[in-house]
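See the structures that follow.
One chain, chain A, appears in both complexes that follow, with chain B as partner in the first and chain C in the second.
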Partner chain A sequence: MYRYDEFDERFVRERVAQFRDQVARRLDGSITEDEFKPLRLKNGVYLQLHAYMLRIAIPYGTLSSKQLRQLALIGERYDRGYGHFTTRQNLQFNWPKLRDVPEILDLLADVEMHCIQTSGNCIRNVTADHFAGVAQDEIEDPRPTAELIRQWSSLHPEFDYLPRKFKIAVTGAEHDRAVIKAHDIGLRLRRHPDTHEVSYEVSVGGGLGRTPMIGKVVRDYLPKDDLLAFLEAIMRVYNLEGRRDNKYKARVKILVHEIGVEEFRRRVEEEFARLDGPSVNADPAEVARIAAYFKAPDYEALPAISRVLEATKAANPAFARWVEVNTIPHKAPGYAALTISLKPVGEAPGDATSDQMRLVADLAEQYSQAEIRVTHAQNLVLPYVRQRDLFAIWQRLGEAGLASANIGLITDIISCPGLDYCALATARSIPIAQAIQHRFADDNRQKAIGELNIKISGCINACGHHHVGHIGILGLEKRGIESYQITLGGDATENAAIGEILGPGLAAEDVPDAIERIVNVYLSERAEGESFIENVRRIGLAPFKAAFQEVAHAVA
Partner chain B sequence: MAAAPKRVPLPAILLANDLLDGDVVFAVAGANGQLAWTRDPALALVASNDPAAESLEAFAAAEIAGNRVVDAYLVDVTMETGQPVPRHFRERFKTLGPSNRPDLGKQAGDGIDAGQRA
Partner chain C sequence: MPLLDRNGTKVDAWTRSEGSGIDNLSQALVPWEALTEALQHKTRDQRIGVVIPNNIRIAELKLVLRQLSLIAVSFPAYSDGRGFSLAKLIRNHGFTGTLRASGPLIADQFAYALACGFDEIELPEASAARQPVEQWLKAVGQISHGYQRGYGDSHNILDQRRTARAAGRLAAS
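What follows is the complex of A and B.
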């Protein structure tokens, strides 16, 4: 893991002192709310429906046990004993008091964490594949790139007041687990077919929200050394040309859409050619210094398949099922990357109590090099688990209600906080997720359905990624009641696609029925081995629309 | 000239967030006839006519200027069993707490002292 050097440490401490002073001046009346709001937002402090909310950056979703324990402590001491992991791989506390925020920031700084650039019109916390460094399909670990971008973008003077927020995601794998095509910039590490050098495919102009767009490739193979200069060229074109007159048209996706990707690419290349690359690009020694922090751990030499694991699986079908669903094959023989589901049926997706955080921190320390990852799907990962330790981990997770075997299945729902917490929301999300989870709680049924991603947002800002859900649910207000629009065919992976609306909005209580009808179409129409999304692509929307209309008509 | 913002239908209550701790607070008639804040929605002062609503608006402006609250606005309500209940579901959640966590927020009595409740 990356460790702060003296400059990082000083930078974060100075920022805490600065914000402490800003809070004091706000409280003594020296600055107004209008003056304070952009300052608090730059430090992750929002005002939500019931209270303030504090969003803590978890760079590229990587946490140490020590850091997770500190989050547990903050949750207990300054919040209500729980936190919410988000689709930006961050953690949000729902009930902090403004007067306590400087203390919380101090506690975060003690473990090399902060809330800088988790909000506001700046380059936000960079996200990455949660299986970075361990996935078998990985070409190169994306985290050194993400960390380099974090350092470059932190308080970058030229890009501190952009037309709108700006999100960057990085993956180093064939299979996109970082939703890079729905980001302002998506980077994919790939080998050049001729030179075999690792380079970046650069996509720009993806995004969800009220105008969902899939990112377009502006460079197929960018040499790694040129990364920062090329990013700077993109940011300059956007900063200059992005629309500041209308916040709904201010994201880079609108600029790319309006002038076309060819013209955008031409302007970026022109700016890139004009830039003094060597003065912008990172010193190779610094790049190497950063990369060294992400060196793979010293793996034990183990057989590819653990006999202990096989024996415990044979003796315990529930455990075998959990291993099958919640682990992925690992780069290192005899190891597994384990996803801990934060989606037990009936709980708010992504919520974890302080006790649960401590348990995961302990398990990571004992079994996974003291490292944890946060996924954009609001789950946690232990990336370096010996297969033979899985049974002990499963037992301890089970005692804490964290042994759900549902990763990637229909109850592994992404959900934003919605109107239960969020001041921007137009409808609730969490109770919809809970109702669907209850409907499909049966393990055998979930298994029979297979991979199916449901994603729920409580407003058009789409924090719940509904546009790229296989089934997306968007909560709106219609004539004074909550109404839910259902989309089908979205995809968050390398086959990125925006879902299409099936029909009129439904009342909350009708959503589980509609989902069930959609699932039943799949179950009756699917070919051997065909997943839900493959089936939707093959047979098209019409049969699903017809089934959906039956529910819509019945309740109209 | 821009038209004055339209006021919500009456009856209405005034709510806001406390600047220091973020809690949702409601304007209430204080002991000395002055307006004050309470954390208990049941005690919120209900404005049923224009002068009462104007008085709440003036209080909101003064309290924002005095850096005691943020995001103060009027909410239209109906009276249910003698207590004001917001008409819109958003504001109802704001006076209750997260619907998935009945153990949190005002519905659980958070921030509402026994004294204030009486």
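What follows is the complex of A and C.
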């Protein structure tokens, strides 16, 4: 993975010193609270419901064992012994003291980490496919691109006071695991059909929140060398022309929507043609320097299927099920990419204790090149595991409550922190997730249902990605009572789609019943081998709506 | 209003004119709406500057760029970053005169303003009173080099790496 050179190191240290100075100037009254707010936000410090929250950047979700251990230490020393992994592959601490923040930043800098631009109206921490470098369907590793963007976007002089926050995601695979179509900019590495050159498909204007939109392609094949100049052109058009009169209409998706994608494309291409690309772009040697850090490890020559693994699976059905659900085939024969579920039934989705973090760090060191990935679905990945080591890993994860076999299944729920922590939330999210998990806790039942993504947001800002959940749940407040709106048919992949609302909002206690009715429609209507989302697409919303109405009427 | 540049506070040599009347002013700063008329009355030894809103189109502005000695870009609020992009566009279109950021900026934006092509900052009294010039001069150097190329720093990190690479190659050969 990427390692800081002397320049990166100095940059991050200087940023910590700068933040200390900003805090001091706030305290002596040189800057007002209003002026200080964006400065602290751009360093990840939020004022939340009960306390300050610190959001730590995990660029493109890649962590080393050393870094994860440091996060465990910070959680223990400055928080309550746990942290929360987010849908943007970051980590949040919910209970740090403001006065401890500079010290925490020093500890992060010690392991080449920071909180730069994890909030505020700037280009946020860039995200990527969590199976980068190991997925079989990958055309090119997206991480060098993501790292280049991380550097380029850090304290960008022109784009640090944008109309609104700005999120970029990158994937290099056919199957989109980075939800690129729900980002302000989504980049997809792909081969040009004629030249076979790897280039970028550039989408702009995706986003969730109160006005969900799917990103639109503005360039089919952008040469890799032109990336930074093209990004500069997009950002300049947005910075100048994005709306600033209404924060709810300030995202780039609204600009693209209002002037149309054709006109937006024309303005970007005009600016791109006019600016001096060579003076902006990183030279190929710099891109190669970054890419070298992401070279594949020296894999052992192994048979495609491990006999040890097959034997242990045969002897232990629970282990076999876990392997089947939580691993994906790997580029290298005899290896697997393993997802560790942070969704044990009844726990807050995405939370990990310091002890659990240390265990995962140890396992990564022993079995996975000391590297961990964080997924946007709030789980962790060991990307380079020999198949024959899976059993030992499973046993140790089991002792720590981390061996749930539910990746991609109905209990692998994405959820924002909701009203339990968040100042913006209008309803609770975590208890809803827990109630659904309890309802569907039975392993055989989960397996029978198969792939089904439930995503829950506790307010219209949609941090829980509910719009792109197969089943989405949005918590609202109506006349002082929490009310949950259910959507169906959303999709976060290359078939990106926004879910449709099924009917009136439900009370919290009725949500599991409604989900069960929806699932039952699928189970009775599905064709052979048809997944939930395929079934919804084929039979349409009507049968699901009818089943949903029964719950809605019963409680009305 | 207080004025500063990368060397500290400075005296404003420009006189603001409410309309297009620039009779005896050697350096007249006029509003955008009055610019056409002011330019018509301009004598050979008079210099003209203009105060522009931050939503102006570069297509309009570029027609008069060569006749201007100073452009003051308005920042209605520190949080409104349009002025940074506008400055960059103005410079990209070849303007070599003085570029001024005018509005309630904060010291932390000084480095950004200079990087985008501004020469000086004109502050409202209240902002300047809270943030003494020493804070601006300190803030401007807090991050010694950024990553971006094309923002006035020939020692940006990407170019320093390039130089180091070139030196490495020379040493090896």
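Here, the second predicted complex is superposed on the first by the 547 of 556 C-alpha atoms of A that agree within 3 Å, B and C clash if a C-alpha of one lies under 4 Å from a C-alpha of the other, contacts with A are read in each partner's own complex, and residues count from 1 in each chain.
One rule holds in what follows: a residue touches a chain if its C-beta (ideal position, glycine included) is under 8 Å from a C-beta of that chain, and two chains touch if they have at least 3 such contacts.
All values derive from a computational prediction rather than experimental measurement.
In the superposition on chain A, A:Leu39 makes contact with chain C only, not with chain B.
After overlaying the two complexes on the shared chain, residue contacts for A:Arg191 are found with neither chain B nor chain C.
Of the two partner chains placed by the overlay, chain B and chain C both lie in contact with A:Gly29. In the superposed pair of complexes, A:His438 makes contact with neither chain B nor chain C. In the superposed pair of complexes, A:Leu275 makes contact with chain C only, with no contact to chain B. When the two structures are aligned on the shared chain, A:Arg210 is found in touch with neither chain B nor chain C.
In the superposed model, A:Glu14 makes contact with chain C only, not with chain B.
When chain A is checked against chain B and against chain C, the one touching more of its residues turns out to be C.
On chain A, the patch touched by chain B and the patch touched by chain C overlap at residues 29, 32. Contacts from chain A toward chain B in the complex involve residues 26-29, 32-33, 47-52, 80, 94-99, 348, 419-421, 425-426, 428, 430-431, 434, 477, 480-482. Remark: chain A residues 5, 7-8, 10-11, 14-15, 17-18, 21-22, 25, 29-32, 35, 38-39, 121, 151-152, 154-162, 228, 236, 239-240, 244, 274-276, 279-283, 285-286, 289 touch chain C in the complex.
Interface residues of chain B, counted against chain A in their complex, comprise 17, 19-24, 64, 66-67, 70-71, 87-90, 93-94, 97-101, 104-105.
Residues 55, 78-82, 84-86, 88-89, 92, 106-109, 111-113, 115-116, 130-132, 135, 138-139, 142-151, 157-158, 160-162, 165 of chain C are the ones that touch chain A when the two sit in their complex.
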